[in-house]
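Each of the two complexes below includes chain A, the first together with chain B, the second together with chain C.
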Partner chain A sequence: MSYFAAQVLNGLCLGSIYSLIALGFALVYSILRFLNFAHSEVFTSGAFAGYFTLLALGPHFGPWTRFAVATVVAALAAGSLAVLIERVAYRPLRHMPPVTVLLTAIGVSITLQNIGRIAFSPQTRGYPTLDLPLAPRQVGLAVLAGSFVLLWWLIYRLPAGIRIRAVAENLETARLMGIEPGRVIVLVFFLGGTFAGVAGVVWGLVYGTVQPEMGFLPGLKAFIIAVVGSVGDLRGTLVVGMALGIIEALAAGFLPSSLSALREVIVLSLLLLALMARPNGLFGSSTPVKV
Partner chain B sequence: MRLIHNLTIFMLLTALGNAMLGCAPEAPGATGKHTLVIGSVLSKSGPAAAYGNDADRGARLALKELRAQADLPFEIRYISYDDRSDKTEAAKVARALIDADGVNAILGPAISPSALSVGKLAQERRIPVVATSATQDEVTASTTYDRTYVFRVCFNDSYQGKVLAQFARQDLGIRRVAVIYDNSLSYSIGLARTFREQFEARGGVVAYEENFSVTDSDFSALIDKVAAFPVDALFIAGWDENVGPMLKQAQNRWDNFILLGADGWVTHRLLELAGGNTGTSFALSHFINDDPSPRVQALNRAYEAEYGELPTAFSVLGYDAMRLIVDAARRAPTFDGPALRDALAATSDLDLVTGHLRFDSHRNPQKDAVVVKVEPDHFAFYKRIRL
Partner chain C sequence: MEFFLYHLTFAGISLLLAQSLNLIWRFDRFSLGHQGFFALGAYSGAILARLWIASVGSSRFAGLAFLVASMVFACAVSTLVAWFLARSLERAQGDAFAVATLIFAEIIRLAVTNTSFVGGGLGFEVPYLVFDNSKDERFAYVALYASLVSVLCMALYWGLRRLDGSVYALYANAVRDDSLAAELSGVDVQRRLQGRVFALGCGVAGMTGAVFLHFTTLIVPADFSFLNSLPIVLSVVLGRLDTRRCTVMTLALYAGLETIKLRFFGLFGPEVGSRIAEWRDAQIGLLLVLSVTGPLLWRRLRGHRGPAGQKVAT
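Right after this comes the complex of A and B.
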């Protein structure tokens, strides 16, 4: 494979991880109109759940079994954490001004990071190596692609998905049509959480390490992707996420080594420019809306 | 009301009494006994956590053994702080140790960036520092300053670069090399520079230089780029927390290179993070477990009994640093800064686990370096080198 193609593949993998996390942000925003900052920690919790599951299963089980079980456990653990956060931190503030909820979200994020540091020690841990016949990147991409397909099917083909889209469009009207917004909200948090958990396991598999603060930078980028992709627009989130991943990988691969430290700057500057040009994101209307 | 009044008076008196008790001199007993206060600034969390935690364990084991000695004429108080692998935090906790805890000496730091900031502070306050694994040359002296209060128990980077360059050229016959370094760490930048100078001085060619950052987790672009280089070997100057994942992510793309590493490689964590993908690699260490000397074997046993695992080079450096400080304290007339510093500088007949200690004019020890072969699950002794 040519060097360029290899970097594009890296970028697709990275972009998919970012997009999957960003979709969690986007889903919650579309229903509740606020950005769940604690989502980065949900991602981290998925990675750790996957780590402990892989350790617990040990080499006696086949590598595919271990990976599959770890992914499912991570998805469920992360989804459950997301639901718990909603119940404990956000539900009591349902009718408060957005600023209050935003601050709460940041507080939850910091709390969870520090709980992680205390409970699991701040040291980096290595993901157990799995003897899979395919390269980790290929497995990762397959899992991520499968997740997108699953998510699309859930949102656009299942009745639950119709309910989500209805509440996203107009909560009051949906309520009048007989949909219980409370249950939809829980579902949305759970869904976003499960996919962030899957992204966490794929991260561990592809990059090999996990530590309690690992969610910060990917979460930040996913948050920015969600905003630039016009939060609430799932298509937009996907496109911007992939683009960001590819740009980051190409910047890492082709910048001269003296400038390689600039790649984060380049990526984030591009996002900044996009937001300055279209404050509602690339796929939204051009009138700014305050979050 | 009367009751509350009386209760308040009672509590105040009790508090006052306790405070007065606390002011009593420590260590009842023989006259002349006083307390040596050693503070440590070690990276127990963050990317350099392996180096700091190992050093702390080694230091505590040495402390336990020293306290058990019947002829120790003073008590030792040991206070340990975490610098989080950050030089600003290191300076902050060093200041707390000097001002609030009144330490007589500082053990550590384990990493060069912290050692630079702590060394500067300690030099101003005239408190001796014994760094465990901070190898950058400028920790003890540079072209513009000489930090007479800063010592270390490990070899420094100019020595490392020389040893590695010689080993690569003469023992392995390597001619063309690519240097990969961490552009956010002064340790790595300095080491890469020293290696390049020494390697080229011996007729080798540094054909490429690539870099990464300590915060990176994705090395795929670097790996792909380097895999295509027409070189015999790669010299990777970095901390274990980056090199480990780099090796793991490289899979088989770097299998046709010999990999060379420095002292930052030699920890359990690197082996764990590399996931068994260590290829043909050599690294430089301050110490190796399968050294047959009885002192090393005794330490292996004691450390394993205490902590359940074998000591690493970094544990042993912490152990040696503690022994060095206490040995100097025995010889010093008092524990104040200048006296303790002079006693440290005068160290001449001390047998430490990492070798017979002799300081050069810049308080760097003259000692052997050990080349180790990096196997998937342990480090194996390869060759001892003394220049």
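Right after this comes the complex of A and C.
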């Protein structure tokens, strides 16, 4: 594989991770109109759940089994954490202004980070390697692509997805139609958390390390991807996330080494510029936000 | 005595940051990037020091002049950048603005981490100005900064209290109530008010950054992380956007956090002290959650169910 193609693959993988986290933000935002800052920690918790599952399974099982079990456990753990956060921290705050809930979410995020630092120590840990016949990036990309298809099918084809879209469109009308918004909100948090958990495992597998504060930067980028990208549907988030991932990978691969250290700065600056140009990507748009 | 003055200076630095952030928040601009402007000021001072501090020599008067010059320079840089940022983010409302400022602060932090001209991740060190930290001069050195910061705090407080009684306080209330209605009644919300207030608040943060640089003489990018700025955000939240309450809360929070950091709770056994210090961030986080949800839960405990006709829980 040529160097360029490898970088593009790298970027696609990174972009899919960003997009998958961003979809969690966008789902919650579309219904509750606030930014769930603690989503970064949900992503981290998924990575750690996968890490401990892989360690616990040991070498007795085949690599594919271990990978599959770790992904499922991570998804369930992250989903449950997201639902728990919703129940404890956000549910008492319905009908409060978004900034109020954002502050609470920051508080939750910091608390979880501290708990993670104490429970798992702040050191960076190496992720267990799996002897898969394919490169980790290819496996990761396949899993992420599968997740997108699954999410797409869920939201656009299944009755639960129709309920989610109805509540996102208009909560009060959906209630009149017999939909229980409370349950849809729990479902949305669970879904967002689940996919963030999958993203966490793939991150660990591809980049090889986990650390309690690893969620901050990917979370921040996913944040803005959700803001800038989600003009109407999942596609916006996906496209912006992919573009960002590829830009970041190419910046890391092709810029001279003095500049490639600044790739995070470049990516964040691009996001800030995008936010300046399109502040209504998701926020404050007069048209109803669809998922 | 030096210990007391040392903490007075740091408390004053927190107070300057909290008051200026409070001012910005009062005008309905929820900035989460205040530490970015604090960093911008500190590193503007660092650039100035890198270029010209060698020419200051050991003269006290020249040192003082250099300190003032770097404060002015840091303030000017931060004000200009903030004004530009506010202008470009005019259309971003509420939480979009909050996230944009947070991103800006991260950009500054990551940029200085990777710039070797200002020391990179290892930090930037400046020589002592005016007085040095030797045994004879330590008191004078700490006292100089303590009085400088106290004067700045008092000036800012005086200005903000004057503002409370002026037409700008009415503007602030009008903008917070309903920004569109305020616009219709002739307040040029975006350009005049919010942009200028943001630039002013960030300018104060930048100036504080320069003071911080020359007081500590060593700055590292981690000093300006989002995590380290949370006590400031928290004191503004606890202050409920009131100048006087914000002052009290900032000082109380600074005292509380320093007590924890200094393992004061070691009185109950060394284990307890370090355990409490270890959980410091979680305490800040929980306090942030409680300061937002607390009043609500309290009201519900006492039997209120929110405004009539509106269900509190869905």
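The criterion applied here is as follows: the second predicted complex is superposed on the first by the 277 of 291 C-alpha atoms of A that agree within 3 Å, B and C clash if a C-alpha of one lies under 4 Å from a C-alpha of the other, contacts with A are read in each partner's own complex, and residues count from 1 in each chain.
By definition in this document, contacts are C-beta pairs under 8 Å (C-beta built on N, C-alpha and C of every residue); 3 or more make two chains touch, one makes a residue touch a chain.
For clarity, every value in this text was computed on a predicted model and none was experimentally measured.
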Could you check whether chain B and chain C clash or fit when both are placed on chain A? fit
Just to be sure I read the superposition right, which of the two partners does A:A261 touch: chain B = first, chain C = second, or both, or neither? both
Applying the document's definition of touch, where does A:V99 land relative to chain B and chain C: first, second, both, or neither? second
Could you look at A:A135 and tell me whether it touches chain B, chain C, both or neither (first, second, both, neither)? first
Dominant contact partner of chain A by residue count, chain C or chain B: C
Touching A:N170, do we find chain B (first), chain C (second), both, or neither? neither
Which partner does A:N10 contact after superposing on A: first (chain B), second (chain C), both, neither? first
Thinking of the overlay built on chain A, is A:G208 touched by chain B (first), by chain C (second), by both, or by neither? first
For A:A252, select first, second, both or neither according to whether it touches chain B, chain C, the two together, or no partner. first
Angle at the Cα centre of chain A spanned by the Cα centres of chain C and chain B: state it in steps of 10 degrees. 60
So, does A:Q123 touch the first partner chain B, the second partner chain C, both, or neither? first
Shortest span in Å between Cα atoms of chain B and of chain C, once chain A is used as the common reference: 5
Under the contact rule defined above, give the chain A residues that sit at the interface with chain B and also at the interface with chain C. 117, 217, 261
Quick check on the complex: what are the chain C residues that touch chain A? 30, 32, 88-89, 91-96, 98-100, 102-104, 106-107, 110-111, 114, 226-227, 230, 233, 237, 278-282, 284-289, 292-293, 296-297, 300, 306, 310, 312-314
What does chain A use to touch chain B in their complex? 3, 6-7, 10, 14, 117, 121-129, 135, 137, 206-209, 214, 217, 249, 252-253, 257-258, 260-261
Under the touch definition given earlier, write down the residues of chain B that touch chain A in their complex. 45-47, 49-50, 183-184, 209-213, 215, 217-218, 220-222, 224-225, 228, 241, 244-245, 248-249, 251, 269, 272-277
Interface residues, chain A side, partner chain C - complex: 34-35, 89, 91-100, 102-104, 106-115, 117-118, 171, 181-182, 185, 216-217, 220, 223-224, 227, 261-262, 264-265, 268-269, 271-272, 275-276, 279-280, 283-284
